[in-house]
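The structure follows.
As written, the chains take the letters A, B, C and D, and residue 1 is the first residue of each chain.
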């Protein structure tokens, strides 16, 4: 498969959507849906040829490779920069999630966006293209480029089509991610420089840099650069404050993509880059990272409970859930890592659905304030039932992906630190509190107003919701399909780290 | 047989899914048939399994698929059926079916009929998974699933925010216990390397000796889960509030099945608990304490369902007492009989409520003996069984528990005495209920009579409550053998006599008025105590003070994101800096000249520094 | 004898400059400035640069200052302007500049103090200047001419609107 | 003319004093005409220094630079006075503190 074609498909689709808006405001929607569907189809058709055991590429003969596909051409040979994309099980599931949620996002904003729909969808698709690039790039410079590519259209999505405080939220989002991105760039450059001084060879390639042993304080600072960049995106506790504003102010599709996919790039970066590149430093840093994770879990849950804005509540619940991801990653054993990956997928689906619900509510009620809601079950039973489903999914009810994720993280963590696991488990309780209070304030209770004319979900919304529900149930009841894909990758990563740990 | 086994939880599950998706478009009749029919079929499947099982006493195991497999962690979707499971399955599907049947009439007027049956079927499915699971993770799935259904059904009439609050309370309080239990699972897996129940027990016996610290911690954590689900001190506060749900729900979930899941869990993992004697003592003490505490609370309640709720807490306390003293079989037996008579009581109470325009206050009932004869006899039989009057089912099971307590080493007699006090109170409050509701003056007259769909379950449950004591439960293979119980004649007499004394006391107070508590109740101390009991020993206030209010305060304090103040601070500093710089750029030529000169001076100074 | 002339001229130059810059009436200030320039011309002469002295008088004191005179006349500021100038010349407004200038002065004098004191006064004839000017400095001359041309165009452009308006009053 | 005994540093001192006066004037006067006058004084002081230095070394360069300064001064004054006219026309005042529309 030509991996670049996926990205190009979305980029070109976005351009066409932009151009098409003059002819027919509906055309961009169909074009972007078509582009995503085409990419998804192409992707699935290509990976259908591979079973998870099949290997194509051996970057380092000493270790069995887990890469399924690989594409590499020179870009700036002078500095050893390549256009290098590759796909392994981990990237595969993330790419699949991206494409599915991309489609969901397009559908979710179908009748929400009236102003410049073409440009809107162009930005949407470009963000997705950037995210795909992030999930597949194996050249650190290219990775950084894609990292920025996904940022700018997202900024525009918030700044142009956002709600009341869009300028503030967009600026905050941009500053946080941009500054952290610059830190990462610095870290990448220093790493490449260290590699250069060690080997005399300029390279930004992941495989080359993997071999670079960074030591001492310099290595620690470089690691910290990566860590901050990724945890801002994730977001972890002290860096999360951009997220409630951005999520709340973004249009529905923006929130869906932001929560569903963009946050995962941070987690992906931690798994793919921070820990394998800096095993010793990360091991030393793990207690701090775990503390941040636990703080995030509890802090996010408490703040979610305190919110009156539906979208803010969901946003804080994301902070809480992403705490589990950090814990899973820094526990760094295969149970916890699988849990973290599963959390990425399950949280992507459940939170995207909740943001869609928020968008639908706002579309109908023109408010997100839960104090003005209540008793909506009566008016919109279908919406209420789906919201209930995703609320209980996000509080981690067994049988859905979120539970598998949280349980595995806790299980893996317990082996490392029982105390941390016990503290993180408090998140299960507080998750129940905010999820149920959210349902109570919106759909249950008595009617706040009686003269509402509300229309329930139609087939379009129900079918997207059904996709996500089935996805979550599938993840919860037969998660093995995902584990089979990601297991070899995570095994090789963790064995790499273990090797590095053994070699002082 | 494997097919039947799979069908048992699958049928209610499918029915639930069907009703959730299409329920609102189906006619009520069909919904009732699907909802109750699925459980009936499921019950038949249980029968079809029970028959060969009782012949061979061979535990069944069916593996559906591998749930996940990561390294050594490989829980399956698989079922394990032995005697204990079979008892539970029979109760769940049997009593469950009766309650479904009853509900078809009870809920007739409700416009969310199909939603009700969807939830109820989902509950049955989850509960079946809970008891049939062969590993603790699958058990946990069912465990949380029933919690969810309990939440959904308690808050079924969602328009009243109080119901929603009760439902949330039920879910969150049990979730606290569940989290402890989840930690227990983590500990068990980490230490013993498996979550399959049978291998786990074997591994525990290999790795741990009796009194092992880890065993104590693990069982304590599991006990946490059991306490939450079974509404024992300190996690019992949700159950009285959970009565906000429809009465058949209270009968099914909050009396017969779900709340006994804790008992099931401890019975299921009894080998672990045997390795941790301190936990067992805690189980017994908590059980006794809960039994007494709830019985006292039941004495003064006025809401008919709350009385029954407290009595449920109290009876489960007895089960815990039994578990704590190692009377596994007796506890499970009491679980079963309690399921019969408590379901009967709830259904009868539901019938009263149904026929009296949703009246809950017992002091506005009275004299219903003649107006609702079917209900009266049902209630009377249920109360007799609850009070453990001789020859009723409750008598056999409670007697077995008390005897086991008497024989327990160490604090046994003390537990026995406490249990007797509880029995006295139980007899008193249950007949207080009977006498107030069904005797005396007619307060509110019923406007309808229960139809056959309500009467039939009542009749069958009457039968079970009376004769249930003779059912032998096939748990001998499950639990370690216990020495035959020989207690003194006096002990037997006392345990027979105490409930009778309680009934007589209730009669004397409420019918013949020979004894009056008026003066005692009117005295300040009496009022204080009765207020305390009415408020359920003020556990709610305590938790509100200890947990709820601090949590809300913290949440309110944090609401506006204090972390953001830090970033605001950074932003303010750069803004201030910006103001400063833009003030420098004030457009005045003279100022520019002056600043140039200042720069020049500075440069000269630096230059001279450099020169010297 | 000549030295005395220098000190007298220096004193006049300094005094006239100070007076020029502290006047509130622009025309008066201009007169004082011309005096100062003439005094400097004398110093040039004394320093053996008669050509420079002549240029100082002709161009500086003559042409440039006349420009000022013209502009002052065109603006016709009158009594009100003078009052305002007095108002602006509060100590508050000149204290800081005076201080800064003083500091700079001290610095420059300190630097001067490091230079060896030598006598000056070797005459340089205009011919030498001319040879230099059109020899090594020819490029500078060209640049200066460009500058003057630019100034011419600029001054014309800037002044045109004013002239048009005051002429036509349309 | 030769044989004059004026110490170079005295001439330079005079130039410095004149320069400082001009500077003080530039900074303290708000009237643009006076600012231009101050500039002239400063230019003149610089020219004086050049000429003195040229005389000291017996080189013509000092005077050459003086002439260039003269040219610069002429250009500056012509443009500056043009600006004065514009300022007067637009602001009805010669107050440069009032002409602060380019503030940040």
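Criterion: contacts are C-beta pairs under 8 Å (C-beta built on N, C-alpha and C of every residue); 3 or more make two chains touch, one makes a residue touch a chain.
Worth saying up front: this structure is predicted, and the values here are computed from it rather than measured.
Asker: Return the chain whose centre of C-alpha atoms lies at maximal distance from the corresponding centre of chain A.
Answerer: Max centre-to-centre separation from chain A belongs to C.
Asker: Averaging only over C-alpha atoms, locate the centres of chain A and chain D and give their separation in whole Å.
Answerer: About 67 Å separates the centre of chain A from that of chain D.
Asker: So how far apart, in whole Å, are chain C and chain D when each is placed at the average of its C-alpha atoms?
Answerer: Centre separation, chain C to chain D: 5 Å.
Asker: Averaging over Cα atoms per chain, report the distance between chain A and chain B in Å.
Answerer: Once rounded, the distance between the two centres reads 37 Å.
Asker: What is the distance, in whole Å, between the centres of chain B and chain C, each centre taken as the mean of its C-alpha atoms?
Answerer: Centre separation, chain B to chain C: 101 Å.
Asker: By the touch rule stated above, which residues of chain B touch at least two different other chains?
Answerer: If we look for residues of chain B contacting two or more partner chains, we find 594, 597.
Asker: Check each residue of chain C and list the ones that touch at least two other chains.
Answerer: Within chain C, the residues that touch at least two other chains are 96-97, 100-101, 104, 108.
Asker: Looking only at which chains touch which, which shape fits best: line, ring, star, complete or other?
Answerer: Topology of touching chains reads as other, fitting no named class.
Asker: What is the complete set of touching chain pairs?
Answerer: Pairs satisfying the touch definition: A-B, B-C, B-D, C-D.
Asker: Inside the complex, what are the residues of chain B that reach chain A?
Answerer: For chain B paired with chain A, touching residues are 20, 24, 65-71, 73, 77, 137, 140-141, 143-145, 148, 151-152, 155, 158-161, 164-165, 167-168, 171-172, 175-176, 178-179, 182-183, 186-187, 189-190, 551, 554-556, 558-559, 561, 563-564, 566-567.
Asker: For the complex, which residues does chain D have touching chain B?
Answerer: These residues of chain D touch chain B: 23, 26-30, 35, 96-97, 99-104.
Asker: Please give the residue numbers of chain D that touch chain C in the complex, ascending.
Answerer: 1-14, 16-31, 33-34, 36-38, 40-41, 44, 47-48, 51-52, 54-64, 66-68, 70-79, 81-86, 88-89, 94-95
Asker: For chain B, which residues are in contact with chain D within the complex?
Answerer: Residues in contact with chain D: 581-590, 593-594, 597.
Asker: Show me the residue ranges of chain C that touch chain D in the complex, using the header's touch definition.
Answerer: 2-3, 6-7, 10, 13-14, 17-18, 20-21, 26, 29-30, 33, 36-37, 40, 43-44, 46-52, 55-56, 59-60, 63-64, 67-68, 70-72, 74-75, 77, 81, 84-85, 88-89, 93-94, 96-98, 100-102, 104-105, 108-109, 112-113, 115, 117-124, 128-129, 131-133, 137, 140-141, 144-145, 147-148, 150-152, 154-159, 161-162, 165
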